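Note that the chains take the letters A, B and C in the order they are written out, and that residue 1 is the start of every chain.
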Amino acid sequence: MPASIDAILDALPYLLQGSLVTIGVVLGAMGLGLLIGVSLALGQVYGPRPLGVPIGLYIWFFRGVPLLVLLFLFYFGLFSLMGLNLSAFAVAAIVLGLISAAYQSQIFRGAILSLPEGQLKAARALGMSDTRAIVSVVLPQALRLSIPGWSNEYSIVLKDSAVAYALGVAEVMARAHFVATRTYEHLPLYVAAGMIFLILTFLGTRGLRMLEDKVRIPGYSR
Amino acid sequence: MSEDVPVLRVEGLSKRYGEKPVLEDASFSIREGELKILIGPSGGGKSTLLQCINYLVKPDAGRIWLDGDEVVPARKRELYAYRQKVGMIFQDFNLFDHLTALANVQIALSKVRKLPRDEARKRAVMELERVGLKDHIAKYPAQLSGGQKQRVSIARALAMDPKVMLLDEPTSALDPELITEVLAVIRDLGLEGMTMLMATHQIGFALDLAHEMIFMEDGRIVETGPPRKILSTADCDRTREFCGKLTDLYGEAR
Amino acid sequence: MKRGMLWSFVCAVLLVGMAGAPAAPAGDMELINGIDANFPPFSYVDKNGNPDGFDVQAVNWIAEEMGFKVTHKPIDWDAIIPSLRAEKIDMIASGMSITEKRKEQVAFTNPYWTITQVLVVPEDSNLTVEQILSDGNKVGVQRGTSEAKWIQENLIKKEGRDFELVMYDSAPLSVEDVVNGRIVAAAMDDAPAVDAVKKKPVKILGRFGMPDESFGYAVRKEDKELLETLNEGLRRLMASPYWEELKSKYEL
């Protein structure tokens, strides 16, 4: 066992650098997923009826097609065809973001629909345009309600990000793999990678829990 | 503006949900400083009428004039401007739950009327003082009593300098001991000359202050007249019967 | 509290912006060599996370000799040829066997290394090659390699031998399972097999009938000029004393 611990300690700096890559991919994906997810949810709830069709197709597509297929599709296909030579890191973040948007949109949609109808009515009655009402009244409340669902989504995206290795993104899992093949210490290194993911999950969900507390509306119980 | 132009004039307002007509050919007008009371049995169409007036519910037919100018709801900008001039008070307050009392009043001043921050704040504080909530401006809706919430919502509407206020049973979600404080605020508004159309079951209040009573049933305006006349010698039996029950329930006193 | 929400929004937007920024375009003579970083001693990642290995150093020498710049980028083996064709990388110098099938997709330099495919078994195993490739035994191999393809097409399909081929992400992982006893043997190139013997209680049993293969560098078919440059570079390298130096450094 001491040999294994040595192997972990030896590789730790290298793995931790990889965790920065992982964090970058995950934050990028969550951010993009937030922007697109909110737009999709708003389109679904407030958009004209025909808009529901493309949004439904989007969600169906990105929830249905396996992650690896999407990564390859965008990396080797779509972006290349568009003449965009994006880095593997960027493509991984974008693809994970597009997928996450499909899931996040349903978190936001649920949150928006759970708001009392009167909130929007009151905003309109004051002369607010629908856009203004959504920005000032609906979203601040819906986003708060979405944080627990978001926390869940974060841990899923975090784990999914390991697949980015297929494109050559040197995140935690890829690095653990590299070191293991060189040193033949597979088990200790995967354990180390697993622990890094556990810590990242903890920090992320903890951070979101703190955010939830911070933005909690006074007077409402948990 | 000339004396004989009503502040609000409604002609032939109609609305149906599916096959069911819930508002049929409602016409009336309100002059400056008038308080008109809308009464009638539950499901009679009072809320629908009030919400059709500022197009929160889209009427199927009918025309509306504010200060003699016809409202064209298809023109968004005009619609938004019109709604600012028509204050709306809801039965269940509909305060913005994520904002303090102050911010509830301030938000439309800043975002709709585009007042500078300081000015909006000053005005909001003033309106909250006017409804007696000076000490509660930093509280969130969940920290306020029902009566306080309804007063915040009145302050929020007043801040927009409305020409007319529509009040949809403003006290019916309140515990009896809280009704008085809200009615007092509305009474003061009336005495200051605010033009108002109010749905309520508070017969005593209506008798004291209303210039006219509009009785609605099954989506139709059945009878209109001075409160005392409607209550005692209504032409229509249904009206008298209904008001009799209300008087039994709520008493004549306010 | 409002600021908190705003802040997280801004953060998210910034990050997306950063992630979305395109990678610096490869300059004319700044080439990217895609490597399988799980293929020691030809290509792997060293302690500090830098690409290293026989192929990596060979290409570095050639780059200097022929006057171009090169960086090495680890890529999953499954994705390495698509990456080359999609211009994500410019060449593959990473123990790639020259096969007819691959020649349909890429162009190869002259061979620079001959490789023998062997079976790796536990130290104390006394099975013969014949025994291993029968009796419903499980034999491991790295996914997407020429040996995986050859075994499937020849031993299993053509000869109808009764054993099961188990796919792994890398040869070292299949060695781990040999040690665990989950598979009776792993098929791989002799070089990583030698590496495995040094680090694990395994031995090389011997060849299993697959013809020898040669390694070459792969480039896109249309990059004729680069192919010429690499061929000339390889010629010079193999004629120089550094070639022997490399071989002994990586114990080949």
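Definition applied: contacts are C-beta pairs under 8 Å (C-beta built on N, C-alpha and C of every residue); 3 or more make two chains touch, one makes a residue touch a chain.
The shown structure was predicted, so the numbers you read here are calculated from the model rather than taken from an experiment.
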| item | value |
| --- | --- |
| If a chain touches subunit B and subunit C alike, it appears here | A |
| Which two chains share the largest set of C-beta contact pairs | A-C |
| By mean Cα position, the chain sitting nearest the middle | A |
| Chain whose mean Cα position lies farthest from subunit A | B |
| Inter-chain centre distance, subunit B versus subunit C - centres from mean C-alpha coordinates, in Å | 77 |
| Centre-to-centre distance between subunit B and subunit A (centres being mean Cα positions), rounded to whole Å | 46 |
| Cα-centroid distance, subunit A relative to subunit C, in whole angstrom | 32 |
| For subunit A, residues contacting two or more additional chains | 140 |
| Interface residues, subunit B side, partner subunit A - complex | 51, 54, 56, 76, 80-84, 86-88, 90, 92-98, 107-108, 111-112, 139-143, 153, 156-157, 160 |
| In the complex, subunit A residues that touch subunit C | 10, 14, 17, 24-25, 27-32, 34-35, 72, 75-76, 80, 84-90, 93-94, 97, 140, 143, 165-168, 170, 174-175, 177-184, 186, 211, 214-215 |
| Of all residues in subunit A, those that touch subunit B in their complex | 116, 118-119, 121-129, 132, 136-137, 140-141, 144, 217-220 |
| Residues of subunit C defined as touching subunit A within the complex | 1-2, 4-5, 8-9, 11-13, 15-16, 18-23, 25, 34, 37-40, 44-49, 73-76, 78-79, 82-83, 85-88, 169-173, 175-176, 196, 199-200 |
